[in-house]
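So, here's a batch of structures to check.
The two complexes that follow have subunit A in common; it is paired with subunit B in the first and with subunit C in the second.
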Partner chain A sequence: MSERSPADATTRLVVGPFNRVEGDLEVRLEARQGRVEAAYVSSPLFRGFERILEGRDPRDALVIAPRICGICSVSQSHAAALALAGVQGLEPTQNGRTATNLIVATENVADHLMHFHVFFMPDFARGIYADRPWFAKAEARFKAAQGTSVRRALETRTTLLHILGLLAGRWPHTLAIQPGGVTRGADARDQMRLLATLGAVRRALEDHLFGAKLERVAALASVEEIEQWRANGPEGDFRLFLEIAADLDLGRLGRAYDRYFSYGAYPGMEAPLYARGTFTAEGPGAIDTGAITEDHTNARMEGRSRPHHPFEGSTLPDPDDEEGYTWCKAPRLGGVPFEAGAVARQMVDGQPLIRDIVARSGGSVLARVAARLVETARTLIAMEGWVRELRPGEQWCAQGTMPSRGRAAGLTEAARGALGHWLKVENGRIASYQIIAPTTWNFSPRDAAGVPGPLEAALVGAPIRQGETTPVAVQHIVRSFDPCMVCTVH
Partner chain B sequence: MQGLETFYEVMRRQGITRRSFLKYCSLTAAALGLGPEFVPQIAHAMETKPRTPVLWLHGLECTCCSESFIRSAHPLAKDVVLSMISLDYDDTLMASAGHQAEAILHEVMEKYKGNYILAVEGNPPLNEDGMFCIIGGKPFIDQLRMVAKDAKAVISWGSCASHGCVQAARPNPTRATPVHEVITDKPIIKVPGCPPIAEVMTGVITYMLTFDRIPELDRQGRPKMFYSQRIHDKCYRRPHFDAGQFVEAFDDEGARKGYCLYKVGCKGPTTYNACSTTRWNEGTSFPIQAGHGCIGCSEDGFWDKGSWYARLTDLHNAGFGIEANADKIGLTAAATVGGAVAVHAAVSALKRAQHKGDVGHQGDAK
Partner chain C sequence: MPESFNVLWVQSGGCGGCTMSMLCAEAPDLATTLASANIRMLWHPTLSEETGTEAVALFEQVLAGEVRLDALCVEGAMLRGPNNTGRFHTLAGTGVATIEWVRRLAAVAENVVAVGTCAAYGGVTAAGVNPTDACGLQYDGRREGGALGADYRSRSGLPVINVAGCPTHPNWVTETLMLLAAGLLGAHDLDVYRRPRFYADHLVHHGCPRNEYYEYKASAEKMSDLGCMMEHLGCLGTQAHADCNTRLWNGEGSCTRGGYACINCTAPEFEEPGHPFIETPKIAGIPVGLPTDMPKAWFVALSSLAKAATPERLRRNATSDHVITPPTVRDIKRR
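Then we have the complex of A and B:
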């Protein structure tokens, strides 16, 4: 769907619907001389969860909010539980927190595996790359739904999700996470089963994805090391990815603002596994959640007069709005767009390889995908430790009482990045419930000042080959964010 | 696309061996509750019948049905079913993108006119001319009507397509509407649950592809083979219910002993689904086993029947320790969740008619 015009004139291109992303997405591009000049990202699906939650028993958020998304349901449930715990002034028990970490981490690792094998890599098995030296391997391993690695990863993921079966009853749409902990304590037998499951997943990843111990991946510290890995590292899909990334220069594709933030992932006794904070050109910093706002200028939403903090926010769709081009609001931190995701978590936490990649050539498709793989290794190692920390027989869920009035934010990290629920309770019912999901940040539209969201910025400069209507570079950039469109607008 | 292939030819092309194929046939028979004598019959059908394409559309939804589906218990069954489906159209998993995908959709519809199965995940929102769910620049409702027009049958995956689900909860901001309310001239198989169990999904689709007919449905349009029992009927905590032993709060003494979750809101007594028998994540567990009550996600209207966490305080522990009272308790449960009572009664009546003298259903046969 493109209007062809003279060579140097601006071409308009609508890319979408996208497949292999969660939910619906459309991107409008303006291109000139084979490069994207401007991008407009549109989320065409709206359901109105925030409205549906209003007026209900606050605890029902534990059932309704996870149903925003069948992929990130655990993260949504965790954010809801944290918001409810905040209103009740309740601290989860230590056992409950450890089990919750395991539950959230399982989903996040499962999502990372799904993203790499099922959503991201199959693009390199397309005919357009048939002349590349790595193509035969990419095709055999990653052809959509058929490649050997795709199938194997789905099996590994299924095995991994036994953990959610065991600790949380089922997945998707798990119910076990509560404000005071979890509904089920693990016994010694469960601990053994959990370790066996994690062991099987570890083996599968070490054999096929990395070809090396997880510890070696987690300890990667510089660009030189991955260059060496590419040249003569162990055979595996990680090495294939590095080979492709070098050949296609994915380290220079899809750079956004290089401004990252994380709410901190997997709380521990003293500090979370992955630190909370921001990382910008000035280096690491603290995060001021009071400076988070949502701007509706280009969202088809009422409330366009000024940006609102989520406690003051609203979700009133305005279908007659002709200027808005998406249902997605524009979240900003301190007035500017920030990027969320595994790359943001690893940047904020100071993982040396990811910091090095970004320091040298900016946050790119390579940085985002490498961060996810390194994080997969780091998280799995941490999970094995958490299983051993579970204390069978000790308290797993603390009880609280819901006050008739109060407000709190539930902030957690989903696979795709920072997820926040802002809950206000009045007269014992939900007075307001605002959600900002990671893809809301990453795929945000322009704000009142006309500043594009991170994906919109990342697409500028992307090459479009002669005659391409769904430019493959655009696909790589879009998928490098691992978007979850159903969470984006909710 | 080549000529009309048989299922077997498709599988061969996907690299599935003869041995795996026969194993798949016996698994299918087992999954559908059929005896070994049906295995050759299934094999014969797969070898000779042209494959029925399945077109899988996504409307207003959260993708949880797809997520559940792709991890069904037996990898072989999943591979086979997935290979049949991914050949056609499913926008979460398929290889092709954008307009290329649209072209495939049209090609299949043309070539298999009147002979393909439409599987719908999610539902159409009708407010504002459908603009809350836009697929390829057009409202989803248009795509749904277009593809349904020449479909042989429609599968409504999950509670969104079957009933509306939480996105249709008050005030239903987008007027999310279940499929059967907009597609009225096709047989519709409802497979409710948020999400449905993977094995139920593969079971239903395999049955339809293998036998080229619709499974027997109950009055609400659900396949009887998976939705004829309440969670409560086969719940492993049922003896505690019968003995009047209840959890009063998550993590109390009763919770540690695995007592019944009815008083912390379990909807098992009014929910028809296979969770307590088939279980989840390859038979690992189900919500009740993880200490949380059933929320009744496969029942119509489960989203607007009052809080899931409201404590049921109107019960007295003494007094219903025996099986004969189970129905009374079931009805009490239904009453507390409002509208479910009519449904429960109706379905109980239906089941009475079906299972006369079936000792496994004393509660209903009373």
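Then we have the complex of A and C:
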């Protein structure tokens, strides 16, 4: 839908339904002279999971919370298990932690593969790019639902998810992750099967996505190296992406605030695989989770008087509200918007290539997509190690008891970034359950001060071609965040 | 080339997990499976190229009868709230409630398929206080009605086909569509909750690897134990209608194989069992929910007998997370 008026006047566009994202999304744009001047991001679906959880036995969270999202189900489960473990004062067994890492990592890698091949790349196979030198390749490999790489990636993902058939019963929506570990132990034969599955995934990615060993991708350290890869690196979809990114200048498209945070991913004996913390213009920092708030000014929610910490938060939809433009609340850390995701994890962790890309031209479509691909390689390598660390015969699940009263936060990293559950138990029941998902951060509306969320900021300046009603550059930027809309509002 | 069987897929008050699961179809993969039955996805929110105005234009063509709609697949519950406006989900870019889009499209569809328990009966989205007044396409929990009403029939004459499950197995969905495309799915092929009988005429108990523990009432007591989960850990596998343990998920999985209870996710109102999901409610020590078709007196009698006869091997293994005592190897020549 659009209203057209004189050449230099403001044009308004409403873009939706926005597909090849998880869930439903609407973006309202104000444009002038072929550029986006302002963007308003709307999450049009509200289900009220936080309210559904209230009053239940706390353990029921492991059934209900994963069903917030069919693509981040395991991450939701992990956050719930961590919150329950916190209330119980329970630590998972070593086997439990390692198996949980494998389960969470499987979903995250599956999501990264899904994003790149099924959600993001098909936009470059659109007819609008028919005049580009790389188009024939992009079309053959990435035509939506049909391209050779799209279909192959879905098969690779299906193979990868066999890890969850074995360790977690099924995917999505498993109860295998518990506060004290996992419900299913693995024996030595299972370890061999897991290694075979991971070997098949490694081979598929090395043959087609990267054209190179995962270790070489994980070790990428500078912009020069990916420029070389683009010019004369191994043939593969990664190289095709770099070629497209250079031609369309995706390294300068979709910059938000360059302010990143991560709760730390895949806990280990001493430190997580990917570090916890923040990364801003001042460099790396620690996260103060006490400084997390949600602001309801532009959400159709009651409780607008002031921002609340999630332990004090509420979810009371206000159907009569005409000013709010989304069901999504506006999370802030220390009062300002932060970006979550693979790019945030790799920035915080200090992966040199991603740090270099962002240092030179800021966070961008290129940075976000490159971070996911580098992370895919790094995570798969770590997974092979975790399989070998499993100890058949040793304990898989520690047992605890649920106190009648307590509160705790479960903080983990989903594929799309920082995911937190804040649980309060009273009289043995869930008294309050507040969730902030990664896309809640990234697709946040404006706050009380009028500060736009990260995507809203990233869209400013995006080019709109003559006659476009669903601008393709806007689509690249939106999809570069890999939004999960069902998690966003939940 | 015969005419294709055209499918349009709409998502609303759900998690998208049934689509995520469907993409795990294998041997053959989803695209090959659908192509084998000449099934064409007119539009699917996860897979299609068309976004925004291009997608809405396609919906309009379907409504105008310019494109034949053989099956409307709906994933996710229908949100009636607030106050019957449907505004808890307005289909992006259209300003029209998704429940209204579904009603319009259902009016021109040859068949309507509810994919997943949310679309069928309301499911988890309708749990607890049901904040959005969610319901299924033709059921509101166990009661007929829902978004389209009890009297609704698609152009083929069938009611809404409920491919229930949370999530659905990939092949429950693809086989339903293939049967429809082949003209092989009639009213008698649906069970009392209108689930396709090809998977709903089975019980999750069938093929459960814990069957020997069940036979001797050798029960798991805590999460990760190997024993039968019916007595203490809330397992409803003996009552749940699905073929999960014979069809298997993601290679070699199922809920009970994964070490946790079947929560009967193909049933209406599974989301409100009336007790914690992973705890079995009992009266006088006897589980309230008995195995399907089993008289209570016989269950009690057999259980006490079975408990008395439990082999030591099963008693020990039932409360362990790995096999402590393997089955004895006997010389088969000396019976």
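One rule holds in what follows: the second predicted complex is superposed on the first by the 490 of 490 C-alpha atoms of A that agree within 3 Å, B and C clash if a C-alpha of one lies under 4 Å from a C-alpha of the other, contacts with A are read in each partner's own complex, and residues count from 1 in each chain.
The rule we apply is simple: a contact is a pair of C-beta atoms (placed from the backbone, for glycine too) under 8 Å apart; a residue touches a chain by one contact, two chains touch by 3 or more.
Since this is a predicted model, take the numbers as computed values, not measurements.
Trainee: Output check: A:Gln228 vs subunit B and subunit C. Expected answer is one of first, second, both, neither. What do you get?
Mentor: neither
Trainee: A:Thr183 in the overlay: touching subunit B, subunit C, both, or neither? Say first, second, both or neither.
Mentor: both
Trainee: Using the superposition on chain A described above, determine whether A:Gln33 touches subunit B (first), subunit C (second), both, or neither.
Mentor: Neither partner.
Trainee: In the superposed arrangement, which partner chain does A:Thr148 touch: subunit B (first), subunit C (second), both, or neither?
Mentor: Touch partners of A:Thr148: none, neither subunit B nor subunit C.
Trainee: Per the contact definition in the header, classify A:Ile71: touching subunit B only (first), subunit C only (second), both, or neither.
Mentor: After superposition on chain A, A:Ile71 lies in contact with both partners, subunit B and subunit C.
Trainee: Quick one: classify A:Gly169 as touching subunit B (first), subunit C (second), both or neither.
Mentor: both
Trainee: Touching A:Arg47 in the superposition: subunit B (first), subunit C (second), both, neither?
Mentor: After superposing on A, A:Arg47 lies in contact with both subunit B and subunit C.
Trainee: Based on the superposed arrangement, let me know which partner A:Pro392 touches: subunit B (first), subunit C (second), both, or neither?
Mentor: The second partner, subunit C, only.
Trainee: Between subunit B (first) and subunit C (second), which does A:Leu25 come into contact with in this model arrangement: first, second, both, or neither?
Mentor: The second partner, subunit C, only.
Trainee: If I apply the document's touch criterion, which positions on subunit A are contacted by subunit B in one structure and by subunit C in the other?
Mentor: Shared contact residues on subunit A: 1, 14-20, 22-24, 26, 44-48, 51-52, 55-57, 59-60, 62-64, 67-71, 73, 118, 122, 125-126, 143-146, 151, 154-155, 157-158, 161-162, 164-173, 175-176, 178, 180-185, 317, 319, 327, 395-397, 399, 469-470, 475, 486.
Trainee: In the complex formed with subunit A, which residues of subunit C make contact?
Mentor: For subunit C paired with subunit A, touching residues are 11-21, 23-26, 29-31, 41, 43-56, 79, 81-83, 85, 87-94, 98, 124-125, 127-132, 134, 166-167, 222-224, 244, 248-261, 263, 265, 271, 276-279, 321-322.
Trainee: Would you pull the subunit B residues touching subunit A in the complex into a rising list?
Mentor: Its residues touching subunit A are 14, 58, 60-68, 70-71, 75, 79, 82-83, 86, 91-101, 125, 128, 131-137, 165-167, 169-174, 176, 194-195, 249-251, 255-256, 275, 279-282, 284-292, 295, 297, 303, 306-310.
Trainee: Okay, in this complex, where on subunit A does subunit C touch?
Mentor: Residues in contact with subunit C: 1, 14-20, 22-26, 42, 44-48, 51-57, 59-60, 62-64, 67-71, 73, 114, 118-119, 122, 125-126, 143-146, 151, 154-155, 157-159, 161-162, 164-176, 178, 180-185, 187, 317, 319, 327, 392-393, 395-397, 399, 469-470, 475, 486.
Trainee: Mind pulling up the subunit A residues that touch subunit B in the complex?
Mentor: By the definition above, subunit A touches subunit B via 1, 14-20, 22-24, 26, 44-49, 51-52, 55-57, 59-60, 62-64, 67-71, 73, 118, 122, 125-126, 143-146, 151, 154-155, 157-158, 161-162, 164-173, 175-176, 178, 180-185, 317, 319, 327, 395-399, 469-470, 475, 486.
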